[in-house]
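Take a look at this one; I'll ask things after.
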Amino acid sequence: MYKGIVTPMITPMGQNGEIDYRATEILIDNLADFGVDGLFPMGSTGLFPMFSTDEKKKFLGFVRDHSKKIEVYAGVGSSSTQESVELSKYTEDIGIKVRVLMPTYYIKPDEDWMYRHFSTVISAASNDLFIYNIPQLSGSWISESLIEKLTREFSNVKGIKDSSGDMRFFSRIIRHKNEKFDIFQGQDDLLFLSLSIGASGGVCGLSNISPYITNLYHEFSAGNLEKARKIQIDEVNPLMYAINEATFPAGYYYAFYKMNGIKGGYRAPMVEPTTDQKKKIDQELTKIPKKQ
Amino acid sequence: MYKGIVTPMITPMGQNGEIDYRATEILIDNLADFGVDGLFPMGSTGLFPMFSTDEKKKFLGFVRDHSKKIEVYAGVGSSSTQESVELSKYTEDIGIKVRVLMPTYYIKPDEDWMYRHFSTVISAASNDLFIYNIPQLSGSWISESLIEKLTREFSNVKGIKDSSGDMRFFSRIIRHKNEKFDIFQGQDDLLFLSLSIGASGGVCGLSNISPYITNLYHEFSAGNLEKARKIQIDEVNPLMYAINEATFPAGYYYAFYKMNGIKGGYRAPMVEPTTDQKKKIDQELTKIPKKQ
Amino acid sequence: MYKGIVTPMITPMGQNGEIDYRATEILIDNLADFGVDGLFPMGSTGLFPMFSTDEKKKFLGFVRDHSKKIEVYAGVGSSSTQESVELSKYTEDIGIKVRVLMPTYYIKPDEDWMYRHFSTVISAASNDLFIYNIPQLSGSWISESLIEKLTREFSNVKGIKDSSGDMRFFSRIIRHKNEKFDIFQGQDDLLFLSLSIGASGGVCGLSNISPYITNLYHEFSAGNLEKARKIQIDEVNPLMYAINEATFPAGYYYAFYKMNGIKGGYRAPMVEPTTDQKKKIDQELTKIPKKQ
Amino acid sequence: MYKGIVTPMITPMGQNGEIDYRATEILIDNLADFGVDGLFPMGSTGLFPMFSTDEKKKFLGFVRDHSKKIEVYAGVGSSSTQESVELSKYTEDIGIKVRVLMPTYYIKPDEDWMYRHFSTVISAASNDLFIYNIPQLSGSWISESLIEKLTREFSNVKGIKDSSGDMRFFSRIIRHKNEKFDIFQGQDDLLFLSLSIGASGGVCGLSNISPYITNLYHEFSAGNLEKARKIQIDEVNPLMYAINEATFPAGYYYAFYKMNGIKGGYRAPMVEPTTDQKKKIDQELTKIPKKQ
């Protein structure tokens, strides 16, 4: 069973745009302090499409080596099935237990293309795999029928992360949750709602920079629903609205660098948030209790 | 000045999904017979996102070597600015005169990100560059203001290929056409209309498999507008509607293999057209006059 | 304070398409049995755009007269501000306490147009008014800033019904809930989630034909969250998916006629559900416990 | 055969929002001077949804009586099939030769609903009818199959006005043009293109305020294609871009009042263009040659 809070990790960069491994250690330390249950390197927030296959492998390996025993959910997404196969085999080779895969993108796949992509990559390695539905970026929806087919045919398909933001869709797929298939919410502002309707957990970008998400999850798990609801409405959402004033995911990078006093960078084509955007983010960051 | 018909080349594959260079020669021979004015390898119809950087370089080099003196418009698009820079330098190194670049995709760029991507890649090499607007696949529009800024700042930005399918947008950007900046239509069913309003030419997928497109262009250029209009409505459009019954661009690959008796392949995640789809395509292919 | 379950009433019709007042009494009797807290005649489910101003007035008056003391939320929506003003004055004249108004539609209003429409209609009568956000039908969103402006300027603006289906938007507007402004969910499959995040109640079409909605609300209000969640997932949603197989709102009309043995009609342009659609609806209707 | 330029008339209003019949005569005089071939009262530009059935009838009758022998294309659109039937019968009673009808709107019709709406209204009167495709306002597309079915079954269905702005769709439906069925373009900036591909004419809003549209049509009809193209790019489009800075159709009303020195009005919910918007419109109006 997979559950709890998984962090779709940013990929910290130096001012030259190269991956900053020292800052990555600081990030993982923070995440351990926040009490997250999973590290998800090379996801959308991690800007995986901007990195070469070798850079992806090196970062996945580094996170596995410095995971402080937190489960690693390795991003193996790509617009090339072959690259996803290569990354999948690599994650198995280095002992990562679970992979995360979205449909190919740019060229819009139909349901047969999607099935061919998923079945090829799933069977390229024996470790577990999470399906990743993020139509606003990939350009295509993962249907209920495809979820049913993949879970029927592959025992190592263990769950889905839905980042569509559509709770009507989430209310449909929640019926597929069972002891072998978990359902995670990928949008921070829908975490409380998703837990309320039965989600296994959340894959939430704000957990890169604040304990709000894990606090919400822990209050909810302890049955303090009103507390959890308040954290969602009064802490998580305002921080998310401020962060997303900047073009995704630049706000997350700025907030991380600022919270940890790091002179970080923004690899092209990403552009640093504007001064106004930074001000709005700073206003919310000041409300986050400092690390003891 | 760039003008005429440029073929967004398919990337022929063997049944193992690997690039079939023998079939690529057959394709180029056909294009020379059809009288195209340009070869555009590694564009969307060429499925560039499915290939590794090395495969892209090798294919670009091969087309340059076998171009039969037809201008090569090298696709250097990627979701990674760094890969586009690397490909750009390579095209310059091997003497290709013009590159084609769309915005990064998956992570949605704003206008500042787009400017950073284009300016970085444009200035990475001195050969010419065509901007490529294809919002339905890249997920973002190239605005008139960005076109104006890039053409103002970079003398080697020589034109735009618009595949949006929106003639209201095309009617706006046509005003930017001058002796240093050409406007190409990227949708086959809008070629006649675009030439009528002043386009420099077309980048049309059907030119991979039939002379209809070059016939249309030559009739139009000769002033035979009614003939050109009839080719558009009675030959080009029906073939396009049939080909696009299959999920883009699988229909183009099937038609090429069928027209040339090649046992071609479909690299994952692409799936071969269904039997019904093949029948509809075959009906239209039979109308294409055989090579003399 | 407005709260609980409000039924967006169908407008029962005879086989000639004329309003069937006898069947309307049967409907209201059912709703009283189900324990709804409000009757909302001439909303979207009530097909208000298909009726003349006189027909609307007559139906509003009839429902007021036969409301069995259930609060009447009178639909006064129109593509004409003048008609909404006329209907508003009429509702006040006949003692209806609260009106419901969406933006004008077909011609897309901007925020100034919307403000002019709402302010004109709100101030045309002194009874209360609910704002109605239903972008998928009206074609325009009601923004948070417009909600704030209207509630600031008009003391009789008492709440909003959001039918957008977007829980990210609902999570934003829930912050505007206070003792003078209530927030209702307009989509049946989001009722449990909306109550969980703090909604005042729901305006749910299925309450026309089944007690599921009021059961869910009563269990939730009694603190039996798991029971309420199960009613949502296992009873409300499957019924909604079946009903919405037919083009909205024909499924609701068929189900009502079938549940009550009425030979009802479908005024043009509405068309009766197909045989297949009826079968799927019937399967779900059989699960609804019969009236004692 | 129907052809040429038809004006989708604005409905001039006094400052109290009531229809200004004196200004309507001035409008029709202008249109006769511009040499339009048809008057289309109570279309989208005429804001038909804002008027009562009686107001519509009165305006249609007035235009018929003051048409200066120009063909009247009477708008009979509504969200209520019954109102369209009533208006249709009225147009026949007062001797209007052709009606214009779009699908019902707000409640989204499927193809069966649309067929029921069109067949009911078409057969309610024997005069001709034009189908009106305007998905961006009505919310639904008229498919090629529905066009084929209606033209097959009703001899008085004589043409279609397509305002979708999609030339790929226009290129498909142009194949249905024959001596009994005409195809009109409803977007001013696509008139030249549509005439080039074979359209019968245009239903163009700018013909309310300038001779550009009729000039373009007359040059095209005379075979002066380059002149016609230049009028489109250098005169029609810039005027359209300026007018549409204001929320449709307020810019047309402002331009008409300004060109004719009329103290006109804007019935709620319409709002007058802003000062900035007026400036941009004025800049273009100054370029329109004054009436001799």
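Of note:
Going by the order they are written in, the chains are A, B, C and D; count residues from 1 in each one.
Just so we're on the same page, a residue touches a chain if its C-beta (ideal position, glycine included) is under 8 Å from a C-beta of that chain, and two chains touch if they have at least 3 such contacts.
The model shown is predicted, which means the values in this text are computed figures rather than measured ones.
In terms of the distance between Cα centroids, chain C is separated most widely from B. Comparing the chain pairs A-B and A-C, the larger number of C-beta pairs in contact belongs to A-B. Between chain A and chain C, the centres computed from C-alpha atoms are 38 Å apart. Under the contact rule stated at the top, the pairs of chains that touch are A-B, A-C, B-D, C-D. Across the complex, chain D meets chain C through its residues 44, 47, 49-53, 79-83, 103-110, 112-114, 116-117, 120, 136-139, 247-249, 267-271.
Residues of chain C touching chain A in their complex: 165-168, 171-172, 174-175, 187, 189-190, 192-193, 196-198, 225, 229, 232-233, 237.
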